[in-house]
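All chains are identified by letter, namely A, B, C and D, in their written order; residue positions are counted from 1 within each chain.
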């Protein structure tokens, strides 16, 4: 019955750390009061979310009043984008984002486009990096919002957010960053960065699913998103997910207190994986920037083979990895991120994303390399593209 | 996601490989949509005595190739050309909706190999149209 | 350290039943995969939400494809109202709701009003009931949506939803009901009722907080609310709160399987409380309809005293009860529901809502009555209104 | 929500009651906003020798009434008329923002009682304005 499982898809989601679940437990059991209630049980819940808010603010470098809890990273992104666009529509209806955003940003932007907003998509270079000069050029007098992700979920590329935010600020444009992949992996401080809004999602850093957070700098004009009761200073109605909020704050605390060590660990594993794969498997490329990348992210493209088959065969060996964004598994198109960095379709299709976490080991890396080698070979033997390639090379 | 039959044919695909000097070879699909299937036929006295495939594609693409080739092995060319994607789907206990196009591709790969065979035999094949299985124009109308 | 706690605010929120938490546990621990991932851990999560969806559909009398999971009851309400209004705005921009809806309905409606929609608020009688003839009159050719709550959160009044939905259907108008207070307390079957959309929230029926559900009948035109990944058939993006979804389904199952017994229990307690209070305390009224009411809801108004003081004093005796809606505790205004049923301000201010749950006992009722009697007396002695009243009566 | 001091003054309010033949009586607030405070003063030689209140209102209303009456007991009328809502707030270790208006109400209730006292003494009180503490016009500008 025991399944051998090697989980290397931490960018898709993480387990909840036992300490985090421990912090949530009272609010899943005896301390179940509605934070809006004025009696003892209500006050206990209120206290818990107030403390979680302060703690979250502390680690992000924000003020507690700038922290809004949401039901997911997607909600934070939707709120930030639609909320800023609508609240500032008198000033203008132009927004800027990038070609490699997560769908949680691209789709609300597309929604706005259909509602009459204009959108500029900044291109990225072959490593996935945005050129700040491009942002500078793209800003117009009627631009109200720039939304650029902190770190990419597929290829791990980290953007020069501080520089980008500075450009936006100088031109008086509100700057949002989707930091869903960054938080918990690298140190993020909103004040240092000078950003206006930031999204995060607890289940990406060993917290529970179904809880996220939007940082909104004081003074930023933002419409409410969920209308109803007076929760979250009347900006995001709905009875608070108390255990989720407490869990997110606990996970954030653990992440920030352990960041350097965690980074070292991830980097070591990534380096080992990259080196061994390049050593042993031909016709492979590493996607994303070599230096400006999330420490635990490795994204390969294996030529002549298709990603889903690779994943399924690795799955049968217990390896839980991903090909591009998990959210797009309902789609047939190759990843928009890999296309944006200029990969041809056949290579974009053959991508494998490994994202390490705290419990992965070097032995696991070695096992993964063995499995990849064997599987890639098997799939290439089955591939008409590889057949053509070999034939051409022979002649 | 996938049925047990699909996983079986994906994990242990039947008839993978090439046939030297095949009597018919057909390839369909393209890189843009992410699936390519190539089918080789050995035909003696109008009977498909051997069939092999190579496939670049997802789990469903591999499984439908495997199943489709199994279904036509030993059949006459006439019978094989009547293979429908529906028969492949049924034999695999179904596919997720987004993967149904793979079964279409398998049907078309076999049709393409038969067309090639007939062409080599000197038949007029100008009215045999081969769909590439991913233009999206017909895929939706097939189940 | 042990606090004596008598929780009688089940309309504000409930604890999670141990069996429900038990069902959630695997998804809070080892089965943490992202349901969009195709490997084993992902498929396990996907299976769990598919099963939860089927189970939810089964109890509501719906089809699994008609069930959408949301982050709260508030989100379900916001989505239903804005989603229908916008998707059908070419047909018209008139919507109908009632004067006694929860803020999770009233506020999105108000938002739409500001965006150029027209709104008709149906009045209620002194028991909180809507007259179906009023709905019939209010529907216009440009009406696209009627939203009427199933059962009121403050006074417990249950509306004639089937009759109301029938009127809407005959006129080709989409009918939504906020059933957040009804689900778990009374039997609700969407097909029998003939409704188009229904909102619910797990934490009102012994499920977790931060998870809700919107039923959307097949064929109803509804915009997506959360844009992003392909989750929930592309209508509600965001990584699914797997443990929450599983918990909600488990709680729903327990509720439906136990409904008659639960009802009897609640009715017995409510009856005892009402009789004893009327026996022992003068100048009190029962708000809401005597017959068409939630079995566990009792809402009193005590003349000459103010509700918050009453609550705080009861809290000191361990009684966790409410005055009107918990969500409005940020506000100074008396409950809009009590005003809508025609209570004068001073009486509306002195309301006490007791909502029973499965663990409450007759002994607790008796204790509550003692505490109410003592506290009401104390507060009246402190009240200038009572002083005036007594003086007037003397003279 | 409430500080310990507030809870103390709410649970055990000082000076609850009436004073027969009081030298000054003031009532402020109204039912619409949900708080009414009535203050009775006994004044001898310009000194407030006794003070009582009755309050219809929330926990903060009761606590501010209790604290405000404590603060002026034994003081001269002149001193008492200088009592500010801020002093009441500080003495109670603060109030939640939505409840600050209660402290304003307490200040005004005392002012009203003093006005009544002065009027009974034959003073001209036409320039003494009493705010009802809940019109929303000034409440926000006070802390």
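Convention: a residue touches a chain if its C-beta (ideal position, glycine included) is under 8 Å from a C-beta of that chain, and two chains touch if they have at least 3 such contacts.
Computed from a predicted model, the values in this text were never measured in an experiment.
Participant: Are any chains cut off from the rest when chain A is left out, and what groups are there?
Facilitator: one piece
Participant: Applying the document's contact definition, name the chain pair with more C-beta pairs in contact, B-C or C-D.
Facilitator: C-D
Participant: How many Å are there between the centre of chain A and the centre of chain D, using C-alpha atoms for each centre?
Facilitator: So the centre of chain A lies 55 Å away from the centre of chain D.
Participant: Could you please state the distance in Å, as a whole number, between where the Cα atoms of chain A are centred and where those of chain B are centred?
Facilitator: It comes to 39 Å between the two C-alpha centres.
Participant: In chain B, which residues are in touch with two or more of the other chains?
Facilitator: none
Participant: Where in chain A do residues touch two or more other chains at once?
Facilitator: 38, 308, 312, 330-331, in rising order.
Participant: Which category does the touching pattern between chains fall into here: line, ring, star, complete, or other?
Facilitator: Topology of the interface graph: other, matching no listed pattern.
Participant: Could you run through all the chain pairs that touch each other?
Facilitator: Pairwise, the chains that meet the contact rule are A-B, A-C, A-D, B-C, C-D.
Participant: Over in the complex, which chain C residues touch chain A? Could you list them?
Facilitator: Touch list, chain C to chain A: 3, 5, 7, 9, 12-16, 21, 28-30, 32-34, 36-42, 70-75, 77-78, 102-108, 110-111, 201, 203, 208-211, 226-231, 234, 237-244, 308, 311-312, 314-315, 318-322, 325-331.
Participant: For the complex, give me every residue of chain B touching chain C.
Facilitator: Counting only chain B, the residues touching chain C are 1.
Participant: Could you list, by residue number, the parts of chain C that touch chain D in their complex?
Facilitator: Contacts found on chain C: 304-306, 308-309, 312-313, 316, 330-332, 334, 344-346, 349, 381-385, 387.
Participant: Considering only the defined contacts, which chain B positions touch chain A in the complex?
Facilitator: Contacts found on chain B: 7, 10-11, 13, 16, 18, 27, 31-38, 54-59, 61-62, 98, 101, 134.
Participant: Where on chain C is chain B touching in the complex?
Facilitator: 38, 43, 46
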